[in-house]
Amino acid sequence: MRLHIVNPNTTASMTAKIAAAARAIAAPGTAVQASQPQMGPVSIEGYYDEAYAIPGMLQRIIEAERDGAEAHIIACFDDTGLDAARQAVAAPVIGIGEAAFHMASLIAGKFAVVTTLDLSIPVIEHNLIRYGLASRCARVRAGGFEVLALEDPGSDARHRLSAEIEAAKQGDRADAIVLGCAGMADLAADLTQQHGVPVIDGVAAAVTLAEGLVRLGVKTSKRGGYAPPRLKPYAGIFSGFAVGGA
Amino acid sequence: MRLHIVNPNTTASMTAKIAAAARAIAAPGTAVQASQPQMGPVSIEGYYDEAYAIPGMLQRIIEAERDGAEAHIIACFDDTGLDAARQAVAAPVIGIGEAAFHMASLIAGKFAVVTTLDLSIPVIEHNLIRYGLASRCARVRAGGFEVLALEDPGSDARHRLSAEIEAAKQGDRADAIVLGCAGMADLAADLTQQHGVPVIDGVAAAVTLAEGLVRLGVKTSKRGGYAPPRLKPYAGIFSGFAVGGA
Amino acid sequence: MRLHIVNPNTTASMTAKIAAAARAIAAPGTAVQASQPQMGPVSIEGYYDEAYAIPGMLQRIIEAERDGAEAHIIACFDDTGLDAARQAVAAPVIGIGEAAFHMASLIAGKFAVVTTLDLSIPVIEHNLIRYGLASRCARVRAGGFEVLALEDPGSDARHRLSAEIEAAKQGDRADAIVLGCAGMADLAADLTQQHGVPVIDGVAAAVTLAEGLVRLGVKTSKRGGYAPPRLKPYAGIFSGFAVGGA
Amino acid sequence: MRLHIVNPNTTASMTAKIAAAARAIAAPGTAVQASQPQMGPVSIEGYYDEAYAIPGMLQRIIEAERDGAEAHIIACFDDTGLDAARQAVAAPVIGIGEAAFHMASLIAGKFAVVTTLDLSIPVIEHNLIRYGLASRCARVRAGGFEVLALEDPGSDARHRLSAEIEAAKQGDRADAIVLGCAGMADLAADLTQQHGVPVIDGVAAAVTLAEGLVRLGVKTSKRGGYAPPRLKPYAGIFSGFAVGGA
Amino acid sequence: MRLHIVNPNTTASMTAKIAAAARAIAAPGTAVQASQPQMGPVSIEGYYDEAYAIPGMLQRIIEAERDGAEAHIIACFDDTGLDAARQAVAAPVIGIGEAAFHMASLIAGKFAVVTTLDLSIPVIEHNLIRYGLASRCARVRAGGFEVLALEDPGSDARHRLSAEIEAAKQGDRADAIVLGCAGMADLAADLTQQHGVPVIDGVAAAVTLAEGLVRLGVKTSKRGGYAPPRLKPYAGIFSGFAVGGA
Amino acid sequence: MRLHIVNPNTTASMTAKIAAAARAIAAPGTAVQASQPQMGPVSIEGYYDEAYAIPGMLQRIIEAERDGAEAHIIACFDDTGLDAARQAVAAPVIGIGEAAFHMASLIAGKFAVVTTLDLSIPVIEHNLIRYGLASRCARVRAGGFEVLALEDPGSDARHRLSAEIEAAKQGDRADAIVLGCAGMADLAADLTQQHGVPVIDGVAAAVTLAEGLVRLGVKTSKRGGYAPPRLKPYAGIFSGFAVGGA
């Protein structure tokens, strides 16, 4: 099975880290191909960065589909451009945010999300409402640190993350934790151990779900909002891009 | 990986059919063990039958866990006894109803459920509300036939099922269909082809989700409502059963 | 009028206490018959215990109906087996949890529930969602004590219960309190006095509602999910029980 | 027990009819006192009529409380002035609309409301949302006739009412019917018989609920929005009325 | 354009203050006419006062419409009698509460309401649910002071108001503040400055919305619940009032 | 006052039409500046087109803000890129979809949306859920025609639009109609006349709301999700664009 995971930002080191996390969980017969857009922000924090990340990301998804990818994963916890991607290709597309929410719903009554910055809380809350799973989420919390700080030994980011997890357990009565950032993928096992509750990483969750959809033989429904884009002229720099009818 | 799928009713032929469907989708390294309770109704139609199916089903789940099962699937679309099962054992437990709802949410904006009898509609609607996914379900429909009729060449059950799928597409604006009965597992591929929309079977969906949870290394949270049952005396015929502390 | 109240656990002293509470509130012409199952757990704490309490409880309800009961009350705050019981008999069936929620909704904008153990919170929350009354409940709280401790002079259970009631008034802005356990039936009047807010006990609430339904001459609707169970074989120890068609 | 039922409109014949319906269901020891305001509209159809019915109705409720009434029933299906009445007096106040909704919730999964005129549908829908019970109501329907037409042998009102009940059963999948007008109180038994589903009348439902609350010994919570009105000057024709501090 | 703003209470000084606030924001071509009822309470705190304020207020609205008003504003944050007023006249009617909620929704993800007394919280919460905007409101808070205290230099009301705004920002994660009382109209600009978040006053918001509706040329829909009241006799002191058919 | 309205697609004739509609409703002192992006699709139908429209549109909004615009209107009914635009600038930003929903909520109990293509229904439904106004919308309907067909005398588009409006009135019980496409701006008055219900156009609605916000002196809250984008490198073709810190 050929699985494509796209990092929607333009930072190669993060693409590598995400690819490694995906390959670590992938089934034996699954080939994971990772990509990143050629243009766009080096990281995605909030709606504005998302807007500039999506066009390039869609190109990567369209290319990967042409190259034989059987499913696509969008490796940003905001599920950046998920709806547009579902229109663009036939194969299933999964966001790591939704993947984590669905998996957490199977092993806990209520989960909490712990992300990095306050800026991301409304984006995540909007997604939960749209997916229908807001009632399963006790609260979306932010630790107030940047994701890269988790790898800086002198930072208190790791400490803050644990503090938010404890607050979610005690204050929000959350039974499970969802890590709200692709860059936390390598922490899930340790945090599960440390805090005594299931801690879910979206990258790993999405890989297993993508494999599952491929094995089920189902693709994105092309009725409703995910019908293929209509072929039409695109102006300016976008005129060189793959457009409707993809 | 050792996966246990329990048919909550006492009909061996249905257990065999479910086991076959599960093995057909299971990954190469997955061993699927199927079981059925020793006591209880021959089929489950509504709340009353559920009540008598659960005690025996829980024994099968507890036994399978002791024998090394790493995840359990409850193969009745009503997700019979799901909460009690999650309390009873440590490994993840998945109902085929919830499995289908979650998978359908990944490939369609809205799905419809098509089940057999009117009696089952409220049970399924209740589950959708509890899971939080009611907003993703356009409608729960029943064809007005018994599941076994699907295998009777002289019955119009298959025709009725297709009629409900078309009604869901046109009247309810559903983009995908969830088959609301374990006994329809073998029809998903044909119906997907015939109706031009993704059709999801819960048994197959649950197998891939169970494998995914095992690979993620997460188990049911034991905080909240799924804490292990407290050890206490059970009276009467239940006194010989495994009780709290399992 | 003949009213049947079933204690779903197998502890005779609790049955007696519940019967006394029911008779204390019953109208002059109402004969209250109390029962308990022959088999099942000595107390019900969470989903697992519920599963083993229901089959025996349903038998008691079916027997009582045959003996002329005009309405049934399930005296566990979790409303154990309520849906199955409504299928099993023609007369109305009321759970003490729902009874308390409905009555509290008539005398307060928002109520809080105070129960015994954390384990029971999700069960009660699920019921509130299903009944539609979640928006009327400010919060479900647990005091962290077992119900029997309320009768132990050396225990701080009574103190904890009061502390949760005050927390509900101040922190949750609750206007009324629902006692979340059948074993608290005798405390409602004192607590109303002590805390200056209406405090509702479900046993008393259910008795007045059951009498009301009988006087209205309405029975459980047999359309939808409460249609009588279909007659079918039951295997194993359940084969000797009353089955479908009851 | 002394029960006060107020007809919020100024039509004496309707007051008499409502009083008769209330006395027919009241328990042996219950004395039902009926009243109507001295000023206001002869019937209540929509928000505008409600506004002029409430001041006079509140005076009747305050007077009845002073004369010893232990509970009050507002006998208009719109639950006219219910919140203000709860502020005005200490004894419980029940609207016949909410009474019917709560009772229907105890004997059916979903109910439908059938009222007289389209104008009343939004009022009833608003109440259902506020009470929290909107999810239990399949639909609010109007037959398009005036209530008095039900007593005119030459009218097709009775036929229209039955047609809406059948539409609610078939089209809305309603399991029970709530009659959405005080003037239909005498039809509930016949319609239950005729249509084979429970049909609930709000006047009778409210009487049993009011008796229940009195026996439970609970009164309207005076925390939150039902705190007694603050004593203050009232200008104009209202200056002679009972004001705050009641 | 002729705009009518009615203060539903009988205190002339408050009418003058509201008129000044409305004129300060009104567009150059807008003539603002202010009124107050001849009868009713001197201030509106809770449901009971509302009931006595509405009849006199409706007369003012009907008179103003006859005198050429093209839109009406109800200047009490509870949106007192809004539905009845919409039935009574053809021109648009806007409550200052709803006006503030809608405007706040355009410049913030979530807003909080800060009002004066606890008594008003449930009224405002009910309105938010009915309008559909409850999900946009983080919390309704009360400072525990009377509105007139804001103008008393010796009072700590202004301090309490600021404390609630800070609590809403920190504790409720509100991004904007809605002032929950007509008497706070003059504080919005200062508080916006002081607290660094948008602070919305309902009087000003309503003026701009009313002007907008008039310019759009739309009036209240007369389908559904806002159809004109049916002409019918009114008894008692109300018989001299404008009734149905207005 | 300087108002900026951006047509997010690259078709100049539509920009001109939108500008004319905006200027027709704008107040005397308002200068309306219209713009369109240099790059992107010629029309926006669904999520995919949106993705390529947003980057160029954001540039236009940032430029207009630098040139003194005091408020911005996004003239696509999908409210394309609304959240990103709110992050990008300080002045208020309004989408024509949300503008129409809010205005319709002020003059009707429930409204229906009538748009052009099925593809747009889910986008609009998602927005309604996010804004909190889904409960006010009876249904989103599509006429099955392209917007340009409305100007083709030989097309039946105008007939289809009217048919959907009638269906919304009769079948969905909608009291008002929202036109779900910027290109229908010139039809609102005629359709209001023809169908006897208020018909709202989003462009006009947004102009009055934008003017209102400017006169209120409030800007987008910079707490929460609309905080300014953080300054960071953008790669590829986007590196020449205005980035974070705007």
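Chains here go by letter, A, B, C, D, E and F, matching the order in which they are written, and residues are numbered from 1 within each.
Throughout what follows, contacts are C-beta pairs under 8 Å (C-beta built on N, C-alpha and C of every residue); 3 or more make two chains touch, one makes a residue touch a chain.
A quick note: this is a predicted structure, and the numbers were derived from the prediction, not measured.
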### Query
Same residues or different residues: which describes how chain A and chain F meet, taking over half shared numbers as same?
same
### Query
Of the pairs A-F, A-B or B-C, which has an interface that repeats that of C-D (more than half of the contact pairs shared)?
A-B
## Note on the structure
One copy, chain B, sits on the other, chain C, after a C-alpha rotation whose size in degrees, in steps of 5, is 180
### Query
Using the average of all C-alpha atoms in each chain as its centre, how far is it in Å between chain A and chain C?
44
### Whole-Å gap between the CA centroids of chain B and chain E
52
### Message
Distance between chain E and chain F based on Cα centroids, please, to the nearest Å.
### Response
28
## Note on the structure
Check: chain B positions touching at least 2 other chains come out as 109, 121-122, 129, 135, 173, 224-225
## Note on the structure
Given the complex, residues on chain D that touch chain C span 25, 27-29, 92, 94, 98, 102-103, 105-110, 131-136, 169, 173, 175-176, 188-189, 192, 197-201, 204-205, 208-209, 211-213, 215-221, 223-226
## Note on the structure
chain D contacts chain E in the complex at 10, 37-43, 45-52, 54-56, 58, 81, 83-84, 86-88, 118-119, 121-123, 126, 129-130, 224-227, 229-230, 232-239, 241, 243-244
